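Note that chain A is present in both complexes that follow, paired respectively with chain B and with chain C.
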Partner chain A sequence: MSFDVRLRINDKVASIELKGELDASTAGRFHDVIDEAAQLGAIELVIRAENLTYLASAGLRSLVVARQKMGDEVRIAVVGAAEPVARTIRLAGFDHSIDLVDA
Partner chain B sequence: MSIQDLSAAARVDEFPTHRIGDYRVRAGRPYPYGAHPVPGGVSFSVYSDRATSMSLVLFEKGAPEPTAELVFPPEFRTGSVYAMTVFGLDLENLEYGFRADGPFDPAAGDRFDRRKVLSDPYARLIAGRDVWGVEPDWDDVYPYRSQVVNDDFDWGDDTQLGIPSEDLVIYETHVRGFTRHPSSKTEAPGTYAGLREKIPYLKELGVNAVELLPIFEFDELDNPRTDPATGERLHNYWGYNTVSFFAPKAGYAATGRFGMQADEFKSLVKELHKAGIEVILDVVFNHTAEGNEQGPTISFRGLDNATYYMLTPQGEYYNFSGTGNTVNCNHPVVRDFVLSCLRYWVSEYHIDGFRFDLASILDRAPDGSPLPNPPLLEQLAYDPILRHTKLIAEAWDAAGLYQVGNFPNYGRWSEWNGQYRDTVRKFIKGEPGLVGELATRLAGSPDLYQGRTATASVNFITAHDGFTLADLVSYNDKHNEANGEHNNDGANDNHSWNCGEEGPSASAHIRELRLRQMKNLLALLLTSQGIPMLLSGDEVGRTQLGNNNTYCQDNELSWFDWGLVGADDGLLDFTRALIAFRHAHPVLRGVEHPHGTDRAGGGLPDVSWHGVRAWEPDWSEHSRVLGMLRSGPDDVVYLAVNAHWEDHDLELPELPDDQVWHLFADTGAPGAPAPIGAEPPLECPGRYRLGAHSVVVLVGRPVPETK
Partner chain C sequence: MAFDSVSASEGGVRAVSGPAGRVRSEACVRYEPEWPPLTVATATAITVPAELAELDRVAEFVLRLGGQAGLADSALYRLRLAADELATNIVMHGYRDIPGGRVSVAGGIEADRVWVRFVDDAPAFDPRQGMRAPDRDMPLEQREIGGLGVYLAFTSVDTFDYELVAGRNVSTLTMRRSSAAGVQDSAPAQEQRRRTP
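The block that comes next holds the complex of A and B.
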């Protein structure tokens, strides 16, 4: 599945939908979208990950980037990540910086 | 142009000045060493005094052959440092190393080998051993690959905890061994993440520092031996054979295959800190994984052998570590390396302290002679970044430099107190003539640490190296056959006693005696002045079946068996209670050694010694009974130990101010220790019958008024 990332903003809640593989070659596009959400002043960031099939280390780093760009006061939720993806996030300890929630 | 516009503009040093093949480069920053992301690229810097040329070798992740080799132009060399910024690199897919050319002349100290791609000594991530125990491609031209790391972890408000040394209770454990056993029921057994899951257990136990066996990258597959019975490969399980000093071990990370070991380990540190638990790393600067002349060339040997290792006048390796080579710690370049490394772990990983393996090597001069004022130890003691970091020395080395009690300390260093260990073991075993020395050890070993604080002494009875507590009371002799060294390895002077039968016993009497002996040892440890250190698993009676040197045993012999946590022998509860008791009684944790005078003005000296009769200690050869009374402001604790095989009726010292003795714990009596603060008063005030091989702990408090 080719990578795709889409941003929607609704009432200051930014929703980013990820599709395909988030790795070194695609992380840059994800970062651009995070930048955009931060500039729009989102107070909550929801990353829809139901269709994310693979998360490489660069993808994990992207969550750190999101945390840092959005600021501590912004809630970040990764929603519907498949178990292998969610497990990697948990084991790296990133579930302490973001909310990992079921779809 | 506004200030904001200026800062947004490209910097001059973002532009390449040279082209090497397909790569655009410019002279890098000589300092800091290693590989550091800079705008548009990565600055690589490496030291070699005697190389004749140096190349930066670039690989795509996992590729068998290099993508490129960039020779450092002469103008990119400053002094003995080669530095180059390479632009346009993909950090996620980059592995790198160096190729140094120069003379191969061992007699002159040089062992350059341009066939080798060398790891960066300052590499902050290493790839190549990403998953524990997985066989690599042994033909790989570059087995330990340096990688660039992003230091962007979300630490939040975390910082070092700064727990006063006198309040510490250290728990020595092994990242893999703590949760690798199937009974751990963790999501990722044997990893940093697995250990993180067990933090509630540590918190409930009451320890406030974990001391981790080495977590710097090492190769668990560098042990050539096999189990003589099964033929299975034996691992380098403990990890005292460092490959890379700035890199956390990838094989200890569940996410190591994603290159996320740094984040996973940082997450562990952060969560331990949240639970009020400090992190102390066991660090090994005395030798490296490159070994002797027959060892592999990984990094230092090929970059600048004569700088990094102590060499004889003939160019052979001195071996003060017992492992083939000895790091040249007091060479100014190596001192800088050690200092930078420790600063890095403190600043980037928020590490609270270090325990230095065979630390006496740190005070040897480049020719191996002990220095009267070793500059490295002094630098570490006064370094601004390490200023509040705990520094603990294993104050001896493998070549006989034994410095327990006189390790150069600059008012900062603590020491593993080997004399404490031996005295307590021998006394509890029942050896005669030790009452006087036991008293000295319980009081923080003022004979060894005169002029220093009591926290100079890290008291321990067991550690990873030697018998576990359960084995100390179950075996007279070591049983190391599984190590494949014909039982010749490991210490012979264990001061252990099997209580009448070697190994597991069906005798209820022997099992009960062993349990009591374990409780006795723990009771002494946790009421002694100084910093107590527990070996992981001793609180649940973990056995290694008599193996006192499990450095190579990556199996149930070494792993923490979580099935023991539910055992009904009360040992775990006893340990928890003792730790809580220590935390509750400041009189046990004084910074100063006791004087034997009434400094608090409460009517009792800060320490006093007693025998079967109060105020009459029996220091004679045959005596095996000692009472210790500790008194401070609003806090009085009495401990008596009977290592004799017969019961003794003790006369108890009288307490001032209508206080009476209350019973916290008696290892010879059934039942758990009393809840802290709710200890019952003695039924028979002034006297106590202490059973054979037992310890009693009493607290002094006024009798509660009856309604």
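The block that comes next holds the complex of A and C.
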């Protein structure tokens, strides 16, 4: 199972592109990139999930960490999540704190 | 790997029976030709080290099994999610600080359901007891996120059963094959809440 994560920063907007399967064995890499975005002072975090094919609870924990590190004032959006991925985010109740866009 | 047999090289198969059956004993039981056949289709199993790096093999096993059963994409995703969360729980919590642990994963296809059964030798623990439904009113940054994985597993399949058999943890997930026709996402959780005290 493959997983790839890429970070781009533009005008304090951090864009993280996820590709493949995000589970307990790969979440550490996502975690590291979130750390990097927080340290760079991002004021908005956009997670591109169009190519994220699988999301386990370990990935959800990374979203909690993102919220903890970046604070309430930072908007976090997950964009383009496929239905099963969006379902997992909603089932966990994370859609109250994270914007699900085009999902 | 064919699903009409279990290779001896995959070894360590300790629990192979229909969902209504029970794990036979603590002694290692091999899948042999004289074993009573399942009513329909197939049974198979793998044994993997209790390591995160092995989650892929568990996922591949479950996806292949569910694919052979003809589960719809949504049901197949949910079965894989439940199995993945359960396997992760065994590795991260069951065998925490216990090196060298192993997890046996058996699966079968019957006329009306697909089942996946995990057997491990970690300290006795019903994973369902660690389940915690998310507190949607709590700000995300203040959430207790322990137990979320088991909650996802619990709400993703039609049944999630646990037994302690001869000192081993035996957890069985089942998904109705009728799910291939597309059930409401909330149906499994609602049914399970009724079935579990």
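Criterion: the second predicted complex is superposed on the first by the 101 of 103 C-alpha atoms of A that agree within 3 Å, B and C clash if a C-alpha of one lies under 4 Å from a C-alpha of the other, contacts with A are read in each partner's own complex, and residues count from 1 in each chain.
Methods note: contacts are C-beta pairs under 8 Å (C-beta built on N, C-alpha and C of every residue); 3 or more make two chains touch, one makes a residue touch a chain.
This is a predicted model, so every value here is computed, not measured.
Superposition of the two structures on chain A shows chain C clashing with chain B. Of the two partner chains placed around the shared chain by superposition, chain B and chain C are both touched by A:His96.
After overlaying the two complexes on the shared chain, residue contacts for A:Ala24 are found with chain B and with chain C alike. Of the two partners chain B and chain C, more residues of chain A are touched by C. Within the superposed three-chain model, A:Thr88 lies in touch with chain B and with chain C [touch as defined at top]. Listed for chain B are the stretches 130-138, 346-354 or 526-534, of which 130-138 clashes with chain C, judged after superposition on chain A.
Overlaid on A, the two complexes show chain B and chain C touching the same residues of chain A, namely 23-24, 56-58, 60-61, 64, 67-68, 72, 87-88, 91-94, 96-97. Chain B makes touch with chain A in their complex at residues 90, 92-93, 150, 152-154, 156, 187-188, 191, 193, 196, 253-255, 258-260, 263-264, 266-268, 270-271.
Taken together, the chain A residues at the contact with chain C in this complex read 1, 21, 23-25, 54, 56-58, 60-61, 63-64, 67-68, 71-72, 83-84, 87-88, 91-94, 96-98. Taken together, the chain C residues at the contact with chain A in this complex read 52-53, 55-56, 59, 73-74, 77-78, 80-81, 84-85, 88, 91-92, 134-136, 139-141, 143, 145, 148-149, 151-152, 155, 185. If you check the complex, the residues on chain A that touch chain B are 23-24, 27, 56-58, 60-61, 64-65, 67-68, 72, 87-88, 90-94, 96-97.
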